[in-house]
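What follows is chain A paired twice: with chain B in the first complex and chain C in the second.
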Partner chain A sequence: MSGAGARESVFPTRQVLGQMKSKLKGAQTGHDLLKRKSEALTNAISEITRRIDEAKRKMGRVMQIAAFSLAEVTYAVGGGNILYQIQESAKQARFRVRTKQENVSGVFLPAFESFTTEGNNDFGLTGLGKGGQQVQRCRETYARAVETLVELASLQTAFVILDEVIKVVNRRVNAIEHVIIPKTENTIKYINSELDELDREEFYRLKKVSNKKERDAAAADIEREAQKKKDDSSNEEDVDEEGRMQMKDLLGDQDNEDVIF
Partner chain B sequence: MGAHMPRQLEDHLLTRRSYIEGIVRGYRNSLLTSQAYSNLTQCETIDDVKLQLGPAYGDFLAALPPNPSTSALANKLTEKLVSEFRYLQANATGSLAKFMEYLTYGYMIDNVALLITGTLHERDTRELLERCHPLGWFETMPVLCVATNIEELYNSVLIETPLAPYFKGSLSHQDLDELNIEIVRNTLYKNYLEDFHNWVNTNPDVRGTPTAEVMSEVLEFEADRRSINITLNSFGTELSKADRKKLYPNFGRLHPEGTLMLSRADDVEGVRIAVEGVSDYKTFFDQTGLNQGGGSAVGNMSGGAGGEGKSLEDMFYQKECEISKLAFTRQFTHAVVYAWVKLREQEIRNITWIAECIAQNQKERIGNYISVF
Partner chain C sequence: MAAPPSAYKDRQFLAVIGDEDSVTGLLLAGVGHVTEPPDSQRNFLVVDQKTENSTIEAAFERFTQERKDIAIVLINQHIADKIRHRVDTYTAAFPALLEIPSKDHPYDPEKDSVLKRVRRLFGE
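And then the complex of A and B:
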């Protein structure tokens, strides 16, 4: 068989060969496209990795500041009960998150977007007697911290999804490169060799046929020769008596019938 | 002591009171000094802090696990304050006993406010009992947890607590439901301050003594501080000026002109003008640089510029500590108890702050504590 590799089980015909050729062409185009997509995604993911790194460092700083501002609140208020009071008086979420989709090389990535609802100040009066400013400032610091967290969450989600997609794309690229293209090529080779074989058979057959024909023709020639010879000899016997006839038939076309108009 | 008292009894009473005063002065001497604080700020871990506090707090810190959280540390420190306070309270008689009771009312107000919050949000208030400040604990407090709605709570507060007079006349049970808990708390506090002020100036045992003198100053300062803070903190909230005015105590060095102006203030500048009549507060405002219109510098330790940029609240705490320190220069007065409690509270705050700075590795602001000795 042509090539040791696997091939598709097809009938080796010219039509299938055409199909296979176009399939190979398609596979190569697809391979190129996917390769490019994979590269684009890899770029995107390395960008995201960089941003995650940044966001994580930022989060570290912001959370530290936030925790410290909480310490300031405790210092100013002089007790932990303020926390309970704040927990209880928060009724509505002030800081909210909405999602939207971003398209990176045909991959939909959810992106979280944070926003604060205006005019929602559930514990604006907390710490009225003392420490109110600190409470408010602490809240702002934590709002910033949560913002960073949301950003980070958005990036992490994108990272996970992109990672998955890149894996799939790379798998496809590899599959096309290492399985589909060789297989199709093998099939084409196989079909070609089969077709060649058929050609050779055909050629051989034709040759056989022509040989036979030649042989037949040769036999026929010999026969005709023999006949001629026989005719000649009979003519010689009749030379005398037929000298006249020979004279008469000067043109030698006694075989020919006289043309009678 | 009246002249009609037998000499013997008077001596006896003086001895009783001197005993307590002696104890308090002893307690005062165990307060951390600047030297001790600067040692504390050198610590690298909470364990070091614990070690440094060993001489002053000894037994109370023994039960703490290695590297305790700052809140656990603060709890232990408060425990010591409470146990010492309880000891004094057990030995106190007559007007001092009443005086010390008055001291606890402030904490009671906080506790009751906490329970009201819990009841309003239909939480199990029993869980809140352990969150209550131990100094504000009163025997009938668990009874308040029986109340399931705000009306019941209101009635039991009226019946069971010493705070009843502060509720009566200024708050109804609907108010508890509708008003913000902070307004309730500050209304109570205002009534409490007024009552306390009134008591030190009218009680026959206290009137005209150094106690009345010192305590008037302290309470007036406290009243002014609250008025100023409330005004500053209410900017940008839904608290109306009329409601705000109701929260100002009706005495103090700012009263009445200053508070009137405070009630009309729209911004920090307005507050500054309102307090200009009192040189102390004017100095505070000048030092914090608020007159340049930096509204953000009101909170404590703002600016991040290290120790030099003291905030208004820092100034107030500083002033409170100085007044308290001066109280110890007087003889035969209840005010030393108050002063000691305040200084001790500041000390706990300081230690917590230092511990927090160490725990969070934010050493650059560690010097923001207030030390007067």
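And then the complex of A and C:
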């Protein structure tokens, strides 16, 4: 008996054996598929990390340029008053993002996409007195910077989600590989051994039955022999007489001689 | 296990926690938004020398947990350092948390919470 590993608590019958075999087959197919998925996702995530790395570097440069252009603004306008003014006049976001979905090997990754709403401009009058040109340039620079940031944010979100999904998939792969498949195999072994056991029992029983039958038949034969002998000895004379008569009268033409050519 | 669409459908703003220069610059780009008067909430926080860490944490909480219309939270790296434990334990996908460099503090990839995870993933 395969009592070694864990097995499912099933009744060992041929039907269950069939079920277990198909279950094992399913588990193996699923394992292969999940393994392939995990590999594909790992590829995707390494691609994304590469891009995150690039984007982070780019962000460093872009933010530096943007900070410099803001410094130009404060210099041109003169004094830190403009900063406060900008903070106070922010009302409605002009720069917004929307999310769309990308499908990477069956996983939906949201990607941010920036867009600007038209019509409302909170900073129309900012820098009206002095430095309007600098403010304009600074806005453009920062808009570009924010676009880079949005791109980076979507990569990062994709990374976080993919990381999570890969963990789940790997956990499943391991569960199938190390728990479900051995368990099912053990169950199959168990059922097979039980069925073999039953077969042996059945065979032994049949052998016993046939032995018994043989013995009975032999006994019956002996008895019949004995009976026959007894009958024979009592009927011997009649049988002899009749037998001779029959032989003689078989054709009823004892007078005719045999013709030999 | 991808997030359901409801988790990010309505998220369209960016939030900023940063020093004066960074916030101003991003506001100029047009990310600033103030909600309707009854409970006017800004989606940005200016941090200076005098700002308490608790204020930063509260703003971080508000942007990441309470408000459902924020898609990306931008935070200056030197400010993220002040609430590092909060930033490092933040693992949700939405809103995305992004550490950005500031004028006075150059960007240090070693500290970035996401890059830390990246390195951990690749076992370096």
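Basically, the second predicted complex is superposed on the first by the 220 of 261 C-alpha atoms of A that agree within 3 Å, B and C clash if a C-alpha of one lies under 4 Å from a C-alpha of the other, contacts with A are read in each partner's own complex, and residues count from 1 in each chain.
Just so we're on the same page, a contact is a pair of C-beta atoms (placed from the backbone, for glycine too) under 8 Å apart; a residue touches a chain by one contact, two chains touch by 3 or more.
The model shown is predicted, which means the values in this text are computed figures rather than measured ones.
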Exercise. Putting chain B and chain C on the same copy of chain A, do they fit or clash?
Worked result: fit
For this session: Scan A:Gln64 for contacts with chain B and chain C and give back first, second, both or neither.
Result: both
Exercise. In the superposed arrangement, which partner chain does A:Gly132 touch: chain B (first), chain C (second), both, or neither?
Worked result: first
Exercise. If you stack the two complexes on chain A, which partner ends up touching A:Glu72: first (chain B), second (chain C), both, or neither?
Worked result: first
Exercise. Given the touch rule stated above, what does A:Val107 touch, chain B (first), chain C (second), both, or neither?
Worked result: second
Exercise. Counting only touches as set out at the top, which of chain B and chain C does A:Phe203 meet: first, second, both, neither?
Worked result: neither
For this session: Check whether chain B or chain C contacts more residues of chain A in the superposed model.
Result: C
Exercise. Looking at the overlay, does A:Leu152 come into contact with chain B only (first), chain C only (second), both, or neither?
Worked result: second
Problem set entry | Smallest distance from any CA atom of chain C to any CA atom of chain B, in Å, after fitting | 6
Exercise. Residue overlap on chain A between the chain B contact set and the chain C contact set?
Worked result: 64, 67, 71, 80, 126
Exercise. In their complex, what parts of chain B are in touch with chain A?
Worked result: 70-71, 74, 110, 113-114, 117-118, 120-121, 123, 128, 131-133, 180-183, 185-186, 189, 225-226, 229-230, 232-234, 236-239, 247, 298-302, 313, 345, 348-349, 352-353, 356-357, 360-362, 365
For this session: Mind listing the chain C positions that touch chain A in their complex?
Result: 1-3, 5, 8-9, 11-14, 20-34, 42-44, 46, 71-72, 74, 91-94, 96-98, 100-103, 106-107, 109, 112, 114-115, 117-118, 121-122
Exercise. Can you list the residues on chain A that touch chain B in the complex?
Worked result: 64, 67-68, 71-72, 74-76, 78-81, 84-85, 88-89, 121, 124-134, 137
Problem set entry | Complex contacts: residues of chain A adjacent to chain C | 45-46, 49, 52-53, 56, 59-60, 63-64, 66-67, 70-71, 80, 82-83, 86-87, 90-99, 101, 107-110, 112, 116, 122-123, 126, 135, 138-139, 142-143, 145-146, 149-150, 152-154, 156-157, 159-161, 163-165, 168
